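Given below, in the form of structure tokens, are the structures.
What follows is chain A paired twice: with chain B in the first complex and chain C in the second.
For the complex of A and B:
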């Protein structure tokens, strides 16, 4: 999995889609709802099911990060399925309210 | 009709005379004689007139009639500058919380209670109003982004302008200032541009108040007026309020149906990521642009190169704002700020601009900053982004139609948009400064001529 900035990914277990904001500094496995993310135009995988323990809602426009690897994702289409990187749960990032660094 | 003769100027390493007729270069060579207005260049270099690829003309003109907080360090200095006597609206620019502390309606009431005051954030994305100012507004139908309690008015310039019945500011001082630093053409990158601002700028051109040729971006559809060129569709992204990707893609598609290129404001990593995703989905064309490129992760560079996007940077920002960046930006991200050198080495076209009034109007300051990569306090910031002097100069020599083009040249038949320097190019590039500008010629007319 090569997570280039601007690359598009989608959940294997639901409607959620993502854009990579920052790539991870180390290789790893990115999952939503317990299943590997798919590149945006990959065919739907049969039989992939959502892990009910990893069923957090993902709202559009929200960003998730993993401080250890540095990966940051933007939710570009809403869905369900907790994001994990090498089984670490990504945390919601609060955006600044003022105009951002310029 | 013979217009102008420049004698004894350096061009391509030779001393020549240049004859300008009908707004174009009509002859180049030694020993040209003509009965017309003549400038003796005394060996100074001629270079193409500089192009500022991203400016906000009306805001820059208005800023000249405002109190400016640039380089006001600390709350006390801000308060001192706001304590100017006078009546009527006080317009203030250049506020930033890092330097001046938090500011809202209540704080502004405490500092400046007597008259209507509006304070613009340094980025241009936010106005802060005091109570006297807010009392003058008709708040029925106020757009999202207006917060009357905090007095924060975010990204509602159109609405504020309408409410205050802002008149078109005088463009003459800004036109003079641009000519004095050698700028012969500009692209106005304001997302708020519409037929009204198009008409105002076209009128200033027709009235010969504004000698620089103008390309105008706009957020929506735009028709030309006079000789103004319609530029790319400007798409503003806000890090804290990013649109759904589908919506952004729709806006890209609209721009294409209008037959226009696309320029996306990208100052953060998330803004850039979303823009790249949309470009990759819709497809890019030559002349599409990333404006600012404030934060570009190293891994994003190959994708920018693959898409053929031009990055229109403000190389003066790491100088003007670099000390704040060093104090507030994550250390690991400092190398991503306002890249130049790594982009060019990866084959990405980079063009220069001022973003005035939000950055210095002076392209020579921006060139020095691109060479030195040091903050105002002298700290190194992204040294691998440094450019050689001629590459820094070339940031301003692309065309307005496509800023990433190879540098324009002063050659036979070319438009006579020329910057004449006091020194030969080798001496000039060793110490780039606006003081080098001896004369600025636009379409064959002298727009600026320094006293010898």
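For the complex of A and C:
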């Protein structure tokens, strides 16, 4: 899996969709709800089930990061399924909003 | 990631939220997204690899930006204020393209090879058509989002390239998704062919803040629109702000709904911003510094910075009223000397930036370095706290006897003189000093004695910063974005000197 900036992905276990904001510095496995992410236009995989221990809600517009690899994802469609990179849980990035300049 | 995804996300999460209005027309996010798809079906069917847009501000601007992204054709807004022949040359350079043109502007650009024309009225009818809105669109993965022609004050206009990843990176990293309150509205008066007109659409939609379009700027229309729409946010260029304050004074009104006013696009005269802060004390002022080539803002002087500077008796803090604030945390900024070395704090040099939003590219050539650093061609310096002071275009900095002199610093001092309405300071070649300082003044009433003006500068700055050449004029040349054209004045003085020498 190559996570290029701007590339779009979807959850194998639900409705969630993602955009890579920042790529990881090292290769790794990115999962939501315990299942590998799929490229955005991939057909829904049969039999992939959500790990109940990894069932956090993912709100649209939120960003998640893993400090060790540097990967950062944007949730572009809401869903359920904790994000992990090489089994490390991604953490919600607190947006530091700038004063509106446009 | 395409810019159109920004709209798809907000329309998905908050379809009923107000998105765009111009005059009596209003679209919510859901209907804006549907209109963008309707427009995309039309643009997809038309021949042409780009989407030229020639027209006034209005909902069709936002719709055309997102529709262009949906079909993967770069959006190319053109400056309708250009002379006809210059405008036609830019349309020719944009071919092959589909051109959305205001009905009354069509005769100015008609019959150009490689252009498919759609008038604005036809375009508007097409994007409102439910059949068009329901059409399947092919999945595209285009790279270039926008081509913006530079104003060409120093030569032929160059087409700056902004890719989808530059713009989306700027938006996603600086704006909170649907972070605006439901009742917030942003008044957009900068024209669609300016980078601020593009970024206003993208950040406005992503934050969920309604965009209120002013078709064309006059200070009266701006105030009318701000009052009628209970506008909470706005961005203006410096020349607009003074004229807006004049209207408020003449009408004896305030802007009680306005929460934040940002300004940029040129040097803000200190007396104007101080007057604005005194006149509108409840408003958060934001100074934003950015370039077309950097996808808009790279440094921001925030509301607290303004208030601290205004209230401070420490000259170093007080001086920050004239600064553009600190660089965004998402990018790097350095000041370098002509050899490329980073200069010590407090010293002047060329501003360089690096970051995901920095494009630094023209259609004709790439100007960004291999390592991602972009030389802005702006001169500036950083103070100890990291506040950036922009001194103007590098070409405008005066080098007199080896000393770098910022024309803006001298202009600020002279602008406070009661007999001066407007002025411009610039360098002209000099055999002894390399350059000497020239000053062109627009007087308020009877022109003052130049000796008095020289004394005024000497008392406040060093004598080496006192202009050597003075001239009075009825008005100064500005481009339509309010940028002073120093080069025009310099060329006039040089031409006159040559005439004198040959006489």
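Simple rule for what comes next: the second predicted complex is superposed on the first by the 98 of 102 C-alpha atoms of A that agree within 3 Å, B and C clash if a C-alpha of one lies under 4 Å from a C-alpha of the other, contacts with A are read in each partner's own complex, and residues count from 1 in each chain.
In this section, contacts are C-beta pairs under 8 Å (C-beta built on N, C-alpha and C of every residue); 3 or more make two chains touch, one makes a residue touch a chain.
These numbers come from a predicted model, not from an experiment.
J.: On chain A, do chain B and chain C fit together or clash when superposed?
T.: With chain A aligned, chain B runs into chain C, so clash.
J.: A:41 contacts which: chain B (first), chain C (second), both, neither?
T.: A:41 sits against chain C, while chain B stays out of touch.
J.: Considering only touches as defined above, state whether A:21 meets chain B (first), chain C (second), both or neither.
T.: A:21: touches chain B and chain C.
J.: When you line up both complexes on chain A, which piece of chain C, out of 24-32, 78-86, 402-410 or 438-446, runs into chain B?
T.: Once both complexes are placed on chain A, chain C clashes with chain B in 78-86.
J.: Both chain B and chain C contact which residues of chain A?
T.: The answer is residues 5-8, 19, 21, 60-61, 63, 74, 76-77, 95-102 of chain A.
J.: Would you tell me which residues of chain C are touching chain A in their complex?
T.: Listed in rising order, the residues are 1, 5, 8-9, 12-13, 139, 164-165, 168-169, 172-179, 186, 196, 199-200, 202-204, 207, 209, 233, 235, 260, 262, 264, 284, 286, 288, 290, 296-297, 300, 302-303, 328-329, 356.
J.: What residues of chain A sit close enough to touch chain B in their complex?
T.: 4-8, 17, 19-23, 60-61, 63, 70, 72, 74, 76-77, 95-102
J.: Would you mind writing out the residues of chain A in touch with chain C in their complex?
T.: 5-8, 19, 21, 41, 60-63, 74, 76-78, 95-102
J.: Help me check something: in the complex, which residues belonging to chain B touch chain A?
T.: The touching residues are 97, 121-126, 154, 238-246, 267-277, 279-281, 292, 294-295, 297, 299-300, 302-303, 317, 321, 325, 328-329, 332, 358.
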